[in-house]
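Shared between the two complexes below is chain A, which pairs with chain B and chain C, respectively.
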Partner chain A sequence: MSLLQHSVALLIAFPLAFAFLTAITEKLSAKVKNIVVPVGMLSVVCTAFLTSVDVFANGTKVYTMGAELPSITMPAKLAIPIRIVFIVDAFSAFMLLLSSIVATAAFLYSASFIREAQAKYYSLLFLMLAGMFGLACTADLFNLFVFLEVLSISSAALIAFFVDFKASEASYKYLIVSSLASLMVLLAVGILYAQYDMLNIAALAKVLRFSFVDIIALALLVSALAMKAGSVPMHFWVPDAYSRAPAAITATLVVASQSCLYALFRVSFSLFGAFPLIHIIAYAIILLGILSMFIGVTMALPQKDIKRLMAYHAISQTGYMLLGVGIGLLVGNTANIYALKAMEGGIFHIINHALYKGLLFLTAGAIIYSTGKRNLDELSGLARRMPATTIFFITGAAAIAGLPPTNGFASKLLIYESSYIFNPLFSIIAMIVSILTLVSFVKVFCSAFLGPELKALSNVKEVPKPMLFAMGMLSFFIIIFGLFPDIVLNTIVEPAAMALLNQKAYIGALG
Partner chain B sequence: MTLAILKTASGFWNPLAFVAFFIGVCIIIFILRAFGKKDFKPSKYKADVFFSGNIASEASRVKASDLFWGFFEAMKPYYNLITKIHTGIINDYALWYVIVASLLLTVLTLGVLQWA
Partner chain C sequence: MLENKKALLFALLILQNANFLVAICLVLFGLYALLFKKNLIKMAIGIAIIASGINLFLISAGYRKGGVAPIFTEATIKASEAETRMVLPTPQALTLTNIVISLAVTALMLSLAIRIYQQTGTLDATKLGRLDEL
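Up next, the complex of A and B:
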């Protein structure tokens, strides 16, 4: 039996094992820790990458923990799956791929960025990855709650990594919001378990009767996961948390929020996909998307704190994903080409956003690292001192504003065109938001990188090479995804959209 | 050139054609630039930043908070409302969750009642 067969189990086992190993080896020897951390990250990223490639090439992978064979989901003489089952379809593989790309960049960036308490930092980063991978792969509602908790607690600890008042406050707020969301998810899971005696998403989807109690569970799940994804009007924690976390962690937090978005889509499509009134949820998701886009960007415009500004843009960009996938949920089948393209646009935007928003947060971190300042009013003329960071910033800013030929343009084009068919207003708002995004990043570029050099910043130097390499890596993906969007779309986005739309295939994967 | 063509629902997007066009425009600009003065010598002032015809100093630079002043003035009623909502108080964060969850549940309940 090849190791690849157990790759799904290793996806969770590796980050968990290396999280504890890192902490232990720090106590034994710093040199050993310096070997364990990169080896751990390499193992985790390679496992995620290989699993994704395997799923895209060979179809959905089902893995049952503790079974004689990983593919046996039902224990003998039992009618329901009681073991921990993981179903990794194309949408899960898509999430694994984007998590591993951003995690690699975050890890490289942290090599120079984090100088103190490295063991604690990397331990928590591994735990974050365990949470994200678990969320992407689990087919069990209770484990979804468990991985949500693992992700929330490790993220909260990392937000407060630079121990100061504002970071601690941001972390506290994040923890409270996450606890509230997790509690509501647990309540919904309890409601469903009390009725059907099972927790497996695919098995539940087969027997759901859509009673009033089920509807309560649905409302709790959708609202809680939308809050964790940073959707307006439950977005208030985002600027606090994103702006205070270390830059590499902020980039990873973007993916963490997208993992919650993944859970929201998984619940809406794979669990409640057959609900006759699912169009109500679709309209709710579209409305949250429109609100997130507009309020996010308009709140970003007056910000002076560079990371806070970018955090509001993260909220705004989440709106595009909600709009695209919301339209897909509204139509709910692959026959309508506009709905399919809207879905593809929304899903394509998830990976694009992870790349360019990750890059932008890394450039913001580079500015703070070199200048010690985060207020745009105190920055000027950095392009002379930090030319490479300037180029990376321009790449990220062009992508987030949806300028051709970047990846942001490709995914936004699909969303504009498809949403126009359903309601021209959706498309018009999406375009206005893109213009305002461009305006906002012109402001950052003019104030931080252009203009006369300030005496206080005359000693500023370019950031160390590992940080540049991490930013370069994300820029590379942005350019490649922008120049060859068809390859990305056909290879990973379309299968992910089809996997999400095909509820029967997800249920059938259980056997 | 079929590679890199992104097919949308009713059209297509070819980024490589866009890049080719962009490179073409750049070449034309460089050709036009070549017709410029041959005796021009770059001076130390070449890279200085100008603002309204004067060399920009630290005092005269346009700060981030000065940009788009007119936009924010015109949008003042909107911003007064929207910033009031962003209180930074954690109780309000939870309250907004309760509002959204209740609204969603109400709409779903009404939908179920109509459906039944």
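Up next, the complex of A and C:
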């Protein structure tokens, strides 16, 4: 399987190539575009899926651009790896799997959701995928910055896809926050390069001396990446960007924020894992998590706009991941079973959140698509008109509130249990937030789907099949992950948590 | 006499690190523009200034006195000079990439600003949207 050997390079090459191919097809006939986009989607998603399956089966993959082995990057006299290295460990494979599932749903959904300027839309969506896959795989700090920028420029363009000034404004806000964050990341990269002459995360982790300047770099990296992941003190761009983007893009944006969360975890575990004062960072991450959970959900309660409400919940759910993984960082070794459980809970919540939040945003998009309204006060009695969407909404709402037969229950229970050991207050706050989430979604369900039919909504129809299929796919995964959490935990989540905790393995991967 | 020497050393320190100080100043000016300016175009300028500050930082960090590009023919020509060192051009590559990226970001920001201006007739961030939303 020589092609599988190079799958890591193809992971970046395919989305980039198809992004530009799709852009060209705008000038050609619509027929060409209708072939290029599905073929591109299929090849991109298949590559990501095969790579992640390969990594889960055979262990960490190390791919060196332009050389057979990573050891070639270090010639005898030179102590610095001079080539770009990609290290795909279990956590990266986890991110690949999750982004390819959500991307498939987003592509399917867009097939009938987007009617105008399709070539531009799909080309930008491919660019977004290139950014996410690149972030998940790269082991080079500068590459991390480049992929962050690829991701943020393409997302900003997609947020402003619907031409109204609110979308433009949301996109402008997103662009300011994300380019400031990426520039701070670049400053940190520059600081590290100036001291150690290298950019490779694994090679840097080996020689890091934790001088004062290194700590500045760490602080810059953590704050910038937390800002891009949408955690609380810097969350203001999230509701605007999520609520104004096209629904399928919002679902992908959730994954994009989680890619930044991935980068945050990668930096704090794999790069600075041996830092003696790492518990300060861990406490900072836990604090950010708790604040995000609480402020996100309380801001969501008074919302009237359906997508804006869900966007505030996205902030609140990010808090759970930060809490779980923060506890793992605090304890930092696998000897403590609860630390591992907390990590597993946090990481499991990443994939669960991407699935149910994606689903909820898609149902919100379906409501807006059919009725043209987004204010909860103007919606009523949709359950009669849109039965399938209603069922998908109930699935997503149950999952985000952490009700038993869904995946949200499994990951939230892990977080409650393990955070209780460290501080009962953490798990009490987490549970209260969960109850408030349920309250808020019951409100949405009652006002949009139940109640009397409104005259203005009498000719509302169910959405087209591709959109239903996309939502059905995500619901299927939500139920499966909820019914068999053990299998998911053992096959993908635990390896991912171990990959983060075991810094030596990441350093050793370079050889 | 001693105080004079101290002052001289201090001045020397400032001069030696002038690049870095200017870079930090540029980043701070950019942040100031982002935080306190209400005009969308000025905010875009702020981002561009921060990017230039970071470019200056990268270039200054990568400068080595008497360094040459890592091309072997050039190194042999200058081999007679004692100070010749081959220097990896990575910081320059980083800077070039960042220039390109910040150009793209600035272009996108300005085009969004144009669109906002066309639709609302104002560039003042305090007058735009969000007043009806929480």
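FYI, the second predicted complex is superposed on the first by the 501 of 511 C-alpha atoms of A that agree within 3 Å, B and C clash if a C-alpha of one lies under 4 Å from a C-alpha of the other, contacts with A are read in each partner's own complex, and residues count from 1 in each chain.
Heads up, the rule we're going with is that a residue touches a chain if its C-beta (ideal position, glycine included) is under 8 Å from a C-beta of that chain, and two chains touch if they have at least 3 such contacts.
Source: prediction; values computed, not measured.
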Which superposed partner A:E462 touches (first chain B, second chain C, both, neither): neither
Contacts of A:F142 with chain B and chain C, given as first, second, both or neither: second
Contacts of A:L180 with chain B and chain C, given as first, second, both or neither: both
Chain B versus chain C as contact partner of A:R308, first or second or both or neither: second
Contacts of A:Y193 with chain B and chain C, given as first, second, both or neither: second
Partner chain(s) touched by A:M299 [first = chain B, second = chain C, both, neither]: both
Touched partner set for A:S223, first chain B, second chain C, both or neither: first
Residues of chain A touched, compared between chain B and chain C (which is higher): B
Which of chain B and chain C A:Y338 touches, first, second, both or neither: first
Overlap of chain C and chain B interfaces on chain A (superposed complexes): 172, 176, 180, 240, 299, 302
Chain A-touching residues of chain B, taken from the complex the two chains share: 3-11, 13, 15-16, 18-19, 49, 56-58, 61-65, 67-68, 71-72, 75, 78-79, 82, 85-86, 88, 90, 92-94, 96-97, 99-101, 104-105, 107-109, 111-112, 115
Chain A to chain B touching residues, read off their complex: 172-173, 176-177, 180-181, 184, 210, 212, 215-216, 218-220, 222-224, 226-227, 233-234, 236-237, 240, 276-277, 280-281, 284, 295, 298-299, 301-302, 304, 337-338, 340-341, 376-377, 379-381, 404-405, 409-410, 413-414, 417-418, 421, 439, 443-444, 446-448, 450-452, 454-455, 482-487, 489
Complex interface listing, chain A residues touching chain C: 80, 82, 142, 146, 149, 153, 156-157, 160, 163-166, 168-169, 171-172, 175-176, 179-180, 183, 186-187, 189-190, 193-194, 197, 199, 240, 299, 302-303, 305, 308
Sites on chain C touched by chain A in the complex: 27, 34, 40, 43, 47, 50-51, 54, 57-58, 61-62, 88, 90-91, 94, 97-98, 101-102, 104-105, 108-109, 112-113, 115-116, 119-120, 128-130, 133-134
